[in-house]
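Structures for review follow.
The following pair of complexes shares a single chain, chain A, combined with chain B in the former and chain C in the latter.
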Partner chain A sequence: MTINAHPELPEFDYIRPATLEEASRFLSDHAGEARPLLGGTDIFVRMRDGFWHDKYLVDVKNLDGTDNLHFHPTAGLTIGAGVNMNRVMTMLEVQQYYPVLAEACRSVASYQLRTRATIVGNLCNASPAGDTIGACMLYDGVLKVHGVDGYRDEPLKTFFLGPGKTVLKPGDIATAIQLPRPPAGSTGTYIKLGRNTWSDLSIVGVTALGSREPASASGYSFHVALASVAPVPLEVPAVHSYLSENNITPEAFIEAARLAQQACNPIDDVRGSARYRKAMVKKLTEKALLITLDRLEGRE
Partner chain B sequence: MAQHAITLTINGEWEQVVVPSQMTLLQMLREKLARTGTKNGCMAGECGACTVLLNGEPVNSCMVLAVECDGMHIVTVEGLMQDGVLDPVQHTIIEHGGVQCGFCTPGILISARALIDRNPDPSEDEIREALVGNLCRCTGYLRIVDAVKDAAALSRQAATL
Partner chain C sequence: MPPETITIGKSEARKDGWTKASGQALYVGDIPIKHVCIGAVLRSPHHHARILAIDPSPAQMIPGVVAVITAKDIPGEKIHGPLVQDQPVLAMDIVRHMGEPIALVVTEDKTAAEKALAAIQVEYEPLPAVFDAEKALQPGAPQVHPGGNLLCEYDVSDGDLQEGFSQAEVILEETFQVPRISPAYLEAESSLAYFDEDGTLTVVVSSQKPFDDRHHIAMTCGLQDEQVRVKSAVVGGAFGGKEDSELHILAGLAAWITKRPVRFLNNRWESFLAHPKRHPATLHYKLGAKADGTLIALEALVHMDTGAYASYGPAVGGLLTEMVQGAYHIPNLRVLTRVVYTNSPYSGAMRGFGSPQAHFATESMLDILASRLAMDPLELRRKNILQPEDHFFTRVQVGDTARSLPLILAHADQARQRLRQLPAAPGKQSGVGFALSLQSMGLGHRVPDDSTNRLEWSPEGRLIVYLGSPELGQGMQTAVEQIAAETLGIPYQIVDTIDVDSRISPNGGVTCASRMTYLLGNSVILAAHKLTEETLNYAARTLNLPRAKLEYRLGQVILPDGRQMPVSEFCGRAAEDGIVLGASATFSFPYPAERTPEHLPIGMPHMMHAFGANVVRVEVDPELGTVEVKDMVAIHDVGRVINRAGVEGQVEGGAVMAMGYALYEDVCLKENQRWVDSFTEYLIPTARDIPENIEVILLELPELSGPFGVKGIAEMGLVPVAPAIANAVFEAVGVRARELPITPEKIALSLVEG
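So, the complex of A and B:
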């Protein structure tokens, strides 16, 4: 086998439609041989490595508002499909109201890759390791999708079907991710365990989001999502239930972390073994919950 | 194979180029326009040797299609020197001995310039974070980080003159 360290991109046709209607129609008419293009940071790697052989890449950046990044005090945040991660993480309202999303963006690759990488692309690529997916799920993200029959909403909680697989069909273009405004004072963290501090893909990723919740028995609401430890990005509802019903103590966080560990189903791969990942899910979930509580209490 | 006629500026000069769909910005710079200062390292967006400014922001030029750059402004390492005077990042990386084999240097200079443009007084941590996407196998980074720190100071001095 010959290894080419510098493979060029295979031949394809670059298509730049004038409207979303045109783009959806083209993608639908060429099902199986055309793919929507945003930043390309996953697509080009997959094509160079010989995994994808699309005949057409359809550039959907700059179409009908896909370049918009907008915060509305009641409706929340809308991130257009073409908006890059650096733009998202430096927006003041994102830092103020969606700090976990900003933290997750910052963990992705490098500054220059994030100039191209997009949140919506990260979602649609549907990698179980996607760094920004957990935050978007916990912030109750809903994708706005344009298909051949017009617009519809796709909640993230039912969006992922498997590694690289989503509910999107040929002709569908995710045009934006909408994140409702979170409860006042909500905060959290994203802990990414990689082979180095920066820039690597995650071995395990833990997103935690917390807020005060007077209606729950504990007085708090905590949510946890896990990356790289299941076929899909995984929210763990058992953590939320347990920490809503029980007093918030260090022991409760240990039990919640055990529930997260129980919920995940990792594999062995080049970045880490399943056993190691399971152990780290428990450790890092506990740590993420402690950090979240400290931030909620203003101790950090 | 579709060909596209595009117009863009490279280091302030307008260029008209015809490129096939799958040609990257990196290939266009090196193979069509003979701007070989920008290096081809990994072709996977990891090493940063191909970093250029696209409309003022650093990108891995191996991860951008040339056709996507129609109407845009590119700055490569060849465009850092102004009127025969080295950019402060070029000057200080020489002063500090931050170049050994030199292959990563064009990308490092562009990332450093972009960092100082958006943050005129970066801390050491901020410099290291900004250079995460620029791998150097020779220097161990210490001299590069020192050089960027000094370049930021020089740039601030120049701005107040």
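So, the complex of A and C:
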């Protein structure tokens, strides 16, 4: 139990490499004391509070392609690491094809903060509470990562290892998140429960995504991801299976919500107890599925 | 309708508004000063521990370190405290709360400060700690101070409790709990100490009481008061939290020892841990009533956690005791309040000063009784409100101020009916609740409660007000300028105010207790009359006319032939003669012997009161437990409005602050035994949480002793809001909140589990 001794952000060296290669090399050479910097909305708070003590912050914005925000009709959406959330959520194609991502961005803090905060930063920070992570997971996101050995892909499904922990190694820089084009007409919602109307971190977050799926028994495909109720952002495959195999009825959503509740493993903290979180996962999953169905059916 | 005025009642623009809005105002952190050193504080990581050894020497070796200061280096008094001398300037043998100062470092740059704090070696022996007032009084509890954990106790009663309860047809017992909250001002505590052009130790403070700070700084440095100069900086909010001198003492001490300019700026976590909070409390109520709702008896047992040091705890305990009665006639009433030391961060003064705690319990209790009797909560109150001829249980006569209560109830009833018509959003349930409030003004009987201020004509004929107490951002300066302008019949625009500077300002005491507009206003009116007299005397001498032939009207001296000469002409002439046309006056809060009960402890009773109410409409999501405050109507009797925009701002600000108390805020211990000490976890209302429209209804039933009829407004806008929200939540979903904050979790789980 120690108290941060100094009341302000500690000193660090700001590194601005010219190329990704240079950046990866620097980060790898200074493993444990250097960290890639995007918007900084988490890094600076963690450093000020004394949790992180990096000597170097390596600014990877504005490097090769990290400023790109691009939609391709077949390949889908590429969001560069340096693209802020306001830019993402106001892009027409995002609103049209990835409405759940736009909704998740809108739930993040305030306009001012979102001019700094990035989706890729949200992913790499790997907080179980990350608001945009669920949408990226459900849209089958794949991170483009530049390491000392060049580029590789990291699918989000296997990316998260624990609170703040990912498969990234020293020298790795996530340069973009790629989201394939979702099935036509797919839609969903992100519901965030906080202690106040908007600005708090989530007590529970539920992302739901649905589409018509002629190949499944139910004729639908539903996916659900949960925030703040497990050590990692949590997709619940059981919900997908259940709702693919069973008729879509209000009762089926209740059962699916129960499966989501079963899958989560929350903790007690200042924002809410594990008991409350479990209860809310059930309520909110059901609600998110109902909203998703309404939107699929054009009722909203 | 009040009579036609020059400026009273008008929403004159604040003169500090533009510099603040445009970022030009100089707060302590902004004041440019050459070669200023960084002052930083080594704080206890333990809740309670014995200090076995402190070794500053490794820190002293670090380049850029000017000095490391521990208790041993203090030349004067090593203990301070505003009411009780119990707080070490720097810890000596024991730390009693997390964040307690142990050593200071004075350095030339930030890096050196950081390294120095980490290098100081402190050896601790952790001790068991206690964080709950009731547990702290049990045998075997860890002892926070040698004299025991009970700091003080008030036992005030009137009537015959036993007899009262024997007549009661309904008896209810309830326990309420309110949290520790932070004033959460924009500007955390800050202090800048240096030596002025004459070599005098000068401390620029963000404070409610610069003159008291000066005294504590002088005591600690082993100086006389007049050897220290204090100046008030622009203050970024205070709310009671800046009545403690702690950081100013440290700044003064650091500069005095090093002979260097030093600036201390608390970070937010330091503000959370080491500056006063609102007292958490447990209030146990037993209420007896007739079946028709007539209140017969109330017994209240209150435990307040004052934390590791007394601060203003004893005074808050006293006022909380007085406020339990609320706006009601309760013939048999006893309040027993215990103020208890624990190892929590210390609590002290905060806007409302005990009244919000008492009102949450009293006003919730009234609604519980109404529900039990199947009565309308408003009718229940109408039956029991105080009348002018009634006495509070302190035996102070309520007087004319009670005439506001029927009007307040009528407004509340209208607002309630209107808000009940509004539909809830789909999936939400709407509820309308309300609560009445009582708030006193002034510091209480036998506590020095004066204000001294000075007026001067400048050589060019502007009026200068030398404030004796600091403006905190609340707008007192504007109100005082308007009162001065109205009294002298001159435009508000030609009145200037000089902030507190102990070298030139009179000592006007602490800015607190909803007393400033009343007290300062009266003092300024007295000074204005003296100034007029002095001006006419000077005019008579200059013009060689008898004084009795001259008159003063609206900034003009009226000559015997009816001709008018502007005061500015005499001001210029006086300046050439080396004469300052100025006058000071002191006004003391009246405690008239024939009306002031003498049987109570020091600080009791308070003699002046005002009533108000808050009506709120909430929408609750019955599944998630979330509460949104959608509409709010605040009704307050302020005696007389001096600046309408200012008063409305005070009421709205108080209401919003109280929303945080009701719904979000709690400085509590986390699982890891650390306090909630940042805005990441400690939520305060944002612009998106507050209702779009807060309607403010101001009643003006004049206080005869007040300037133009003024009562007070600073605190009471906050007082009725939390119970009004709790009562609205009950109407919406049937959940009775006995504990603040009313989090979504508490509501949802109680709906699920009953």
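The definition used in the following text is that the second predicted complex is superposed on the first by the 293 of 300 C-alpha atoms of A that agree within 3 Å, B and C clash if a C-alpha of one lies under 4 Å from a C-alpha of the other, contacts with A are read in each partner's own complex, and residues count from 1 in each chain.
The criterion applied here is as follows: a residue touches a chain if its C-beta (ideal position, glycine included) is under 8 Å from a C-beta of that chain, and two chains touch if they have at least 3 such contacts.
For clarity, every value in this text was computed on a predicted model and none was experimentally measured.
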Which of chain B and chain C A:Glu251 touches, first, second, both or neither: neither
Which of chain B and chain C A:Pro10 touches, first, second, both or neither: both
Touching partner for A:Asp29 - first (chain B), second (chain C), both, neither: neither
Partner chain in contact with A:Leu193 - chain B first, chain C second, else both or neither: second
Partner chain in contact with A:Ser273 - chain B first, chain C second, else both or neither: second
Partner chain in contact with A:Asp149 - chain B first, chain C second, else both or neither: neither
Contacts of A:Val45 with chain B and chain C, given as first, second, both or neither: both
Touched partner set for A:Glu300, first chain B, second chain C, both or neither: neither
Touched partner set for A:Lys283, first chain B, second chain C, both or neither: second
Overlap of chain C and chain B interfaces on chain A (superposed complexes): 5-8, 10-11, 45, 198-199
In the complex with chain A, residue positions of chain B that touch it: 1-2, 4, 20-24, 27, 40, 42-46, 48, 51, 54, 57-60, 62-65, 67-68, 111, 114-115, 129-130, 132-134
Residues of chain A that touch chain B when the two form their complex: 5-14, 39-41, 44-45, 48, 57, 59, 86, 109-113, 115-116, 198-199
Chain A residues within the chain C interface of the complex: 1-8, 10-11, 45, 49, 193, 195-201, 203, 268-273, 275-276, 279-280, 283-284, 287
Chain C - residues contacting chain A, complex: 40, 42-46, 98-99, 110-111, 113-114, 117-118, 265-267, 269-270, 623-624, 626, 628, 663-664, 668, 670-674, 676, 678, 680-681, 683, 685-686, 688-689, 743-745, 748-749, 752
